[in-house]
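Several structures are given next for inspection.
Here subunit A shows up in two complexes: once beside subunit B, once beside subunit C.
Up next, the complex of A and B:
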């Protein structure tokens, strides 16, 4: 159908449209008009992707000079494929409607095997790829730095974008890394010796180039051709590479010294935490390495690798990592911390020293993106509370909106279970974690649900350790045996191969009427990327509030930083983080309007307003006073009722006019008024 | 059943939110919307049945009854098993009432096995006796969908091609314990043109959705007991015949009922052929129906002659099957406000309180929605049209 969105003609490749899609496009258009950034939350399964694509493509066609390119970033390969599929549909619709052949070029970068596209990338109108191509400085430099300024960047499924930013800037160094790095340095040394004998001129050329400095890059940045690289700070572009590392041999010597220093730092018996200036001072005192050459380390290594004409860069990942670390540590005096741990918390007897160079400020990695591109859209099914993202990513959005799901029938049933049948308060908090009564009641809840919910149930625990304890305890109490009478049990493990095997069998059991339960972990692979449509997930149970492991030093440092720099209280951030993961977990079961599922929050703390208020609006509005602090029995009764209601035949006609609109219905006054209430501005 | 167990079990039973029934229908409330949808589908059923379609009137239906441990659940009173069996009794009666030339068989499944309760037969009495007996069954273990379907196929596949082969499963459990992959069996069912319908007592199970979709049956889940009854009644009507089913003339015999008196000299008491192989039942009798082809005697119709294989029916049987072919026209629905004559239903004489009324397109009689359903479901003729001789 052809839509008129505030004067913009949008081709929409379906005959029907959800009201919230229309509302979403309205907000999106306003964001593009304002040339600003936006944060938009819309439940999964309501056609976010196609709304985004049709509007932005229409915008590009209408004003090709204002918006030249769409950069669509998604998280996983299947998601990217889905986007491409939708895009294909849209393009077919365009050529059918307008009758002219397609002059649009779209490009998807999914895996390494498809990665050889440099010239085309510049001309494509739409680019679809993974976050890392834009956020990870190492990859962004290769792929994305020449993207035009007038592009629209969309981050889909962006509820975890701060963690992606942080990961892309953090470096972990273990003994293994150092050993491999040592090998790399030796190889470099030999290569230099060899090239010196055969082609000494080459090295001299490089030397001369380095004296000139990185002028070329500087010119490029000033003329605004490239995307800024956070690993390549502005200052060093204006300077020449310092003399101490200008010749190849000196540089290798320098690397060796740096490496020895790192090795000595890893020989610790207690935890060390220090800031970057402290680290720099220490390295200067001990091995006389100045700040300046460290800053050029990454760039210098690249130059050397190019000069030596080394083809397989992957072999040199260790030394690249170390040199990146050197540059980062000497560039940023804030936003990073260095923690050296002699052993892991869980195994305090085994020495396994790790140097965590951890980024605490996600805005560092994403800053160039916000600065360069005129519109950046951050969108996901679960972004609540919306206002925290602009704060931690340090940008000013022009639109922030949360959309609800219009439904012809209430197809989700969020229930907060606070008590067992014996009135014992259910909670995963630390004090009651080992409590026998709580564990028994949790078991009871799962047992009762397994008897009344058809096909698949997904249960999430707060951590692997907690899951192991509970499952062991259930086994001793015989609860597991009773559950197995109703359904098969599958367990997610940290091992990816094992988990995908379990998932496959789980789906088979759901398919053939055996019924199954999947026990998994919030923040695990299952909670992030796997959808449980229809019968694969008729109920999801969240045992406890999935707080992040608060004893971790990295987290503590980050919380401190957030408090000092962004005035976000520790507790607020922890709750926000826990609730977004809880929302992600329970959101796995509703993947569309014809789907239905029960969402059980099994912890009395969810009933509190500060927790409940942080759930996405589309879940929140279905939680009423009658679904708070329930006992297990009440939960079972409500669920039974819900499941019977949902099993009644549900046809497309029942949705039409309410949650699914034809063009005529959409254009009626009354509906437009209703639609204007869907978006909830914050 | 006696009152005692019901009362003791009531307080033990589930936590009922009885006050929720009284909930006001505010806009968008769950109950209101679902009831609206249900009403629509009920209406649809009435309107859908009209139109000239070929119907599979000679039906062979196997009813599979789940007797697994979930049938002990008290959400139907006194428990699921008793309630289901009771409803099935009325179903069996209605089934034979509306489909006199059809047959029915009962299968139970529990403890991973399937057992035949009664064979395919056209006599309601035998089935009802079996159902009454089944009340005492101990509900145990898991059902096996595979085994029950497999057992049903064993007899259904030998039925002639012009008859409809159907299976109706009353499933309470949410799981099934199968010895082999059920998907293969579904393919077999499809190739044999067996139509499988399922009535779920607890929730929607995926494998049933697939099973019914593939075989062309229907899948419903009950809301409560009255809804359960309604869903069962859906299966009383013969389903449209699949276009691929054979079309053939059927030989049928219409035996006359011969009444003999003891005073009659020639009368000799004899056995009915139908009772020969069954151990119990009536013994010798004087009169009966004699097959016009081979003169075998039967006491009840309809039946398939054991000797020559001829289908024996009586004329009223055929006539009763007829109304399926010439159904009563659907009444037109209109809002009640438009009516300014007497506001009374012409059938039940009650006041018309609903928001819509129904008018017979032939005689113009006005009916309430309840009577509309009753007329179309049971009477099959408009009372006003018959009453008024001027109408044809």
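Up next, the complex of A and C:
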């Protein structure tokens, strides 16, 4: 259908539209008009992707000078494929409606192997790729140079974007890395000796260029100066390489010294935590390496590799990692911390020294994106509480809105189970993990649900260790046997191949009516990517609150930093992180308005306002006060009632006018009024 | 098999484990087994790095840097500073790889003789890079201290509140007796002492190493003149404005040509401020004359 959104003609390739899709597009248009950034939360399964694409394509066609490119960033390759499908449908609709062939070009970059095809990027109107190409400074350099300023960037499924930013700027160095780097440095040394005998002119040319301070032609472009890649701050682009690392031999000697220093640091016997200035001071004291040559390390290495005409850069990944580490450590004095652990906390007997250079401030990696591009939209199904994202990513959005699903019949049933039938409080708190009664009650819950819920049930635990403990306990208590009489049980493991096989068999069991239960983990692959539509997921049970491992030193350093810089309390942040994962897990079962599912939160702590308030609005709406602290029996009763209701026939006509609209219904006065109230501004 | 003690080594590259060093110097001093050079026990150092050449290089570098310690503002341009740095690197690499040792040592001595004063002066201060690092460290320390103090203050406040409660209760119980006032007085003295303690701790954090402008006392500020930039001398060219009309008579000639007879004369008050009737007349004539000629196609 053709829509009119505040004067903009939008082609929407379906005959029916959800009211929230319309208000989503409205908010999006307003954000683009204001040329600012936006944070939009829209429930999963409500056609977010197609709304985004149709509005932005329409905007591009209407004012091609204002929005020259759309850069759509998604997390995984399957998601990118979905986007490309929707885009294809949209383009077909356009050519059918307008009769003219499209001169729009869309480019999708999937894996790192299919890296940049520069000239094509310049002409493409829509580019679809993964976050890392824009955020990770090492990759962003290669791919994103050509992107124009007047572009719109969309980060889809962006609830984890702060972790992506942090990971892109963090470096972990083990003994193995250093050994491989030693090998690389020796190779470089030999290559230099060889080239001095055969073609010394090349080295001399490079030397002359470095002395003059001339930059390589494709390093110092204006667009780059704008995008100030975090690994190469502005001053570097303007200054000449310092004299200490000008000649190739001196540079290799420099690398050797730095490497030896790192090796000596890894020989500690107790944990060391340092800030970057302290680390730099120590480097200077021990090996007389100044801060400035460290900053130019990556640039110098790239130049050397080019001069030596090394064909296979992948072999030199270790030394590239170390030089990136050197540049990062010498550039940033705040927002990073260095933690050296002689062994992992959980395995104190195995000597495994690691140096963690971890970024504590996600805004460092994403700041260039916000500064450079006109409009950046962050969207996902679970972004609550909305105001935390602008705080930790340090940007000012012009729009922050959360949308709910308009439902003709309530197809969600969120329930909070706080007690077992024997009134024992259920919780995955650390103190109660070994409690026999709690484990028995959890088993009872799963057993009862497996008896009444048809087809598939998905159960999420807080960690692999916890899951193994509980399952072992259930086996001993004989609960597993009882459950297996009702449904088959499949389990997710850290191994990818095993998990995909388990998933396949689970789906087969759900298809043919035998029914199955999938036991998985809250931060695993299943919770992040797999959808359980219709009969594949009729109920989801979240056992406990999925807090991250709180004793990790890196996490503690990060929490301290957040408290000092952004005044975010540690507890708030941990709860926010746990709840967003819980919401992600639970959102797996609803993928459309005809889909329905039971969402069970099995922990008494969910009833508390601070946790409940952090669930997305579209789930919170359906939690009524009566379902806050149920026992297992009450849960079973409510679920039975819900399932019987849902089993009634539900045709599309029932939805029309309420949750599904035709063009005429959309344009009626009262509908427009209702729609303007859907977006809840925060 | 006996346990190997940490290795030690000396300048020319002799390696001995700790036990052997002890044995060798039981008599006070001895000669190297391989090259017969007389060795001294004090010259043995513990090896820090796995690669022995790196160890040797670091030792040499430290010695060289003590002599070649010029900083970036001792040079007129960045290019020259970088050239100097490269020369230093060459010296270090020559000495490490035993290339041209004699010559290099002579060079070093010559440099030392020429720049004796500068070396002395720079010995005391640090390079600018290190100063930046020191500044950051100091800021960090101050930040940490402040946070620690704030935490302490919080604890004190909580303790105080508790004590006050207790005291209030006791006061009520001992209302009728006289010594209650003495107890109160003692409590007040204690509270005052606590306050002064916290104040003293706060004082300790205040940085005493900053000037009022915020510059660190120990920081070196460059007293060099700013670098000379030679450019082409600026030539003044008067502005030419195209009026598209006949030329306007000069300001001074107006009275002679008779224009001023048709303009209100300037009163004494006006001339005191510098106004002459010629000014207004000139402006009116400019207005009238401009644009009279037709535009050339």
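As a working rule, the second predicted complex is superposed on the first by the 665 of 682 C-alpha atoms of A that agree within 3 Å, B and C clash if a C-alpha of one lies under 4 Å from a C-alpha of the other, contacts with A are read in each partner's own complex, and residues count from 1 in each chain.
Everything that follows uses one rule, which is that contacts are C-beta pairs under 8 Å (C-beta built on N, C-alpha and C of every residue); 3 or more make two chains touch, one makes a residue touch a chain.
None of the values given here were measured: they were computed from a predicted structure.
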item: Combined model on subunit A: subunit C and subunit B, fit or clash; value: fit
item: Subunit B versus subunit C as contact partner of A:272, first or second or both or neither; value: neither
item: Partner chain in contact with A:410 - subunit B first, subunit C second, else both or neither; value: first
item: Vertex subunit A; arms to subunit B and subunit C (CA centroids, nearest 10 degrees); value: 170
item: Subunit B versus subunit C as contact partner of A:513, first or second or both or neither; value: first
item: Touched partner set for A:453, first subunit B, second subunit C, both or neither; value: first
item: Shortest span in Å between Cα atoms of subunit B and of subunit C, once chain A is used as the common reference; value: 50
item: Touching residues (chain side subunit A, partner subunit C) in the complex; value: 211, 213, 239-244, 246-247, 249-250, 253, 256-257, 260-261, 263-264, 275, 277-278, 280-281, 284, 286-288, 290-292, 333, 564
item: Subunit A-facing residues of subunit C, complex; value: 48-51, 53-54, 57-58, 61-62, 65, 78-79, 81-89, 93, 127, 129-130, 132-134, 136-137, 140, 143, 147
item: Subunit A residues within the subunit B interface of the complex; value: 408-410, 451-455, 486-487, 510-515, 534-535, 538, 633-634, 636-637, 640, 643-650, 654
item: Residues of subunit B touching subunit A in the complex; value: 14-17, 30, 33-34, 37-38, 40-41, 70, 75, 145, 174-178, 181-183, 200, 202-209, 220-223
